[in-house]
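Comments concern the structure below.
Note that the chains take the letters A, B, C, D, E and F in the order they are written out, and that residue 1 is the start of every chain.
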């Protein structure tokens, strides 16, 4: 097996296990515009970083929800990762608690935007 | 009267007087996902901070319009606070002047996004 | 000719040559809410900065695509400038390469948002 | 006992247990300029948010290290919270792993600044 | 008088009246590296924007203190403008109240950094 | 030769050619705290991204100077890359022109901080 393929496959498996099998259609859409960004997304975050043993996937997803809440603009990525956090064992209450804590570090607008996105993921809004 | 209720009620009254009575449906929607964030939003910004005597409500809303313009991503909150600024005595010209000044501190994209939102509030766009 | 008009006209010509003749309807829409911001947008970035001889327009548009990708929230402005970059001689591959490089400086969410916008401009999405 | 004092005292106890007893001299210095910000810092983040049962203190400090790494500019606060994370049970390796993961969401400059600060806390630099 | 000189002179007079006569040595230092940025700083913010009649200088400086607090990284500019705000009639209490309000929109780290800078300006720290 | 070593070596060679041979002591210092971040810094930006044929190194460094100016807080990284830009063929005037253009997208504080850093690199300040 060529090492590059193995890196890609490891990343894809990690993405699927966190973000769900639906991620492949998202990747295909991304690759239609930028095949290189699609490949690096699989290989750097999801093959190189997430599978490292230093933190479990649930903790990693909690950190990612915090990071995306602070950034504020990437609600599409936050939506994926709130679903991802649920997939790897976070409860809804934990996700809301993370967002609530971010009021301290990034203010209320960041938390308000993130809770709207969480509400969409939780199916409380149509 | 329990002190906690009094804090919540003071906050709710401040929110209504700034953002208008429509804010209660917004709060209800927020509370459907995160009742705790809804409560802290009422209690921290609007009971603890806004009613403090150090600055009048018009000045506070002007500062908030500046802050949200600089952040750039929270256009939903900016929309509420442009309406809020009008409610507590700002003129449209003052709001546009604040946004214009923010070109100096956050660049033209921040101001362009904020003016679009102001245009929606002013009813110039449908 | 009054010097102020000449500055405005020089800016408008630069805007048209970069962003295309459609920019005038955008300016009219902006001026309907804030005539002053519309005028400063023409005069400061596009009369004072872009026509300076120190960098050619293609390089300037590449820098702008990088800057807007990093900021993340101004996807409407990024859309205009991805089209602008194409208009002044950038290739699609160069634009995607700029966005890819920004993963290093602003992370993957910034690049993912920008590629979605690039995909819209490139006509790969409807 | 008056409820307000109890809120302040609960916050101060939480701050001490996370950030160490040295935090009181920091608070005194802050209160010399802004007694109100010092009080709100004790009462909102550390009495209202951190002691909530939804997340344990170790998880909260990990989220805070992530948030401050993403923001980039508040290295003084990050320094306090890297020490805080160690105080409540994080290992150095976990802190470095959090910072490493933030390359994905905020890019390498954010991680490089945070690792420098971690190095100072870990005593690897004088 | 040539119109360009008049624009520069009007800007310089506004800078002096807000930031104090010491600003000229700061401008000279800036011009030693980038004469063009020094000139545009005088001409765009301080000739084109600040002297506009829509907002008085005290209000403008309050908005600028809010904006720079939210941005977080430009503490050198915030220091100038806290002094500027004092020069045009803000009280220390008003400045601290602005910074306190920014906890709501940009979180506590933004306010903590700004209060440290305010403390330096107020002469409470050496 | 193992592929991983080859990736690291390619990255290190690119770093040296852009940032100068002094970069190795910087990497050693970084690796003393986080060997993994040091390795990923070499391998992802400098082996995977920078050597790609889509943009030449001079253009890449110009984009990086723009990105770091916009971010504002990473002046240490900006200092390295201003030197890097000079090393791969940018002139001082081009670097100052990039920073000047960023006033449009990130405001004057971003440009003022960056020019101070450029002044240090250019040896105009001690």
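Everything below uses one rule, namely that a contact is a pair of C-beta atoms (placed from the backbone, for glycine too) under 8 Å apart; a residue touches a chain by one contact, two chains touch by 3 or more.
All figures in this text were calculated on a predicted structure; none of them were measured in a lab.
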item	value
Partner chains that chain B and chain F have in common	A, C, D, E
Any chain in contact with chain B as well as chain D	A, C, E, F
Chain of greatest Cα-centre distance to chain F	B
Interface sides of chain A and chain F: same vs different residues, half threshold	same
Centroid comparison with chain E (C-alpha atoms), farthest chain	A
Centre distance in Å when chain B and chain E are each reduced to the mean of their C-alpha atoms	24
Inter-centroid spacing, chain D versus chain C (mean Cα positions, whole Å)	39
Rounded Å distance, chain E centre to chain F centre (Cα mean)	30
Residues of chain E whose C-beta touches two or more other chains	36, 40, 44-45, 52, 68, 71-73, 96, 100, 102-106, 108-110
Parts of chain B lying in touch with chain E, wherever the complex brings them together	44-45, 49-50, 52, 54-55, 59-60, 62-64, 66-68, 70-71, 93-94, 96-98, 100-106
Chain E partner contacts - residues on chain C that touch it in the complex	3-4, 36, 40, 44, 48, 52
Interface residues, chain D side, partner chain C - complex	102-110
Residue numbers on chain C that touch chain B, as the complex places them	30, 32-34, 36-37, 40-41, 44-45, 68, 71-74, 76-77
Of all residues in chain C, those that touch chain A in their complex	72-73, 96, 99-100, 103, 108-113, 115-116, 118-119, 122, 124
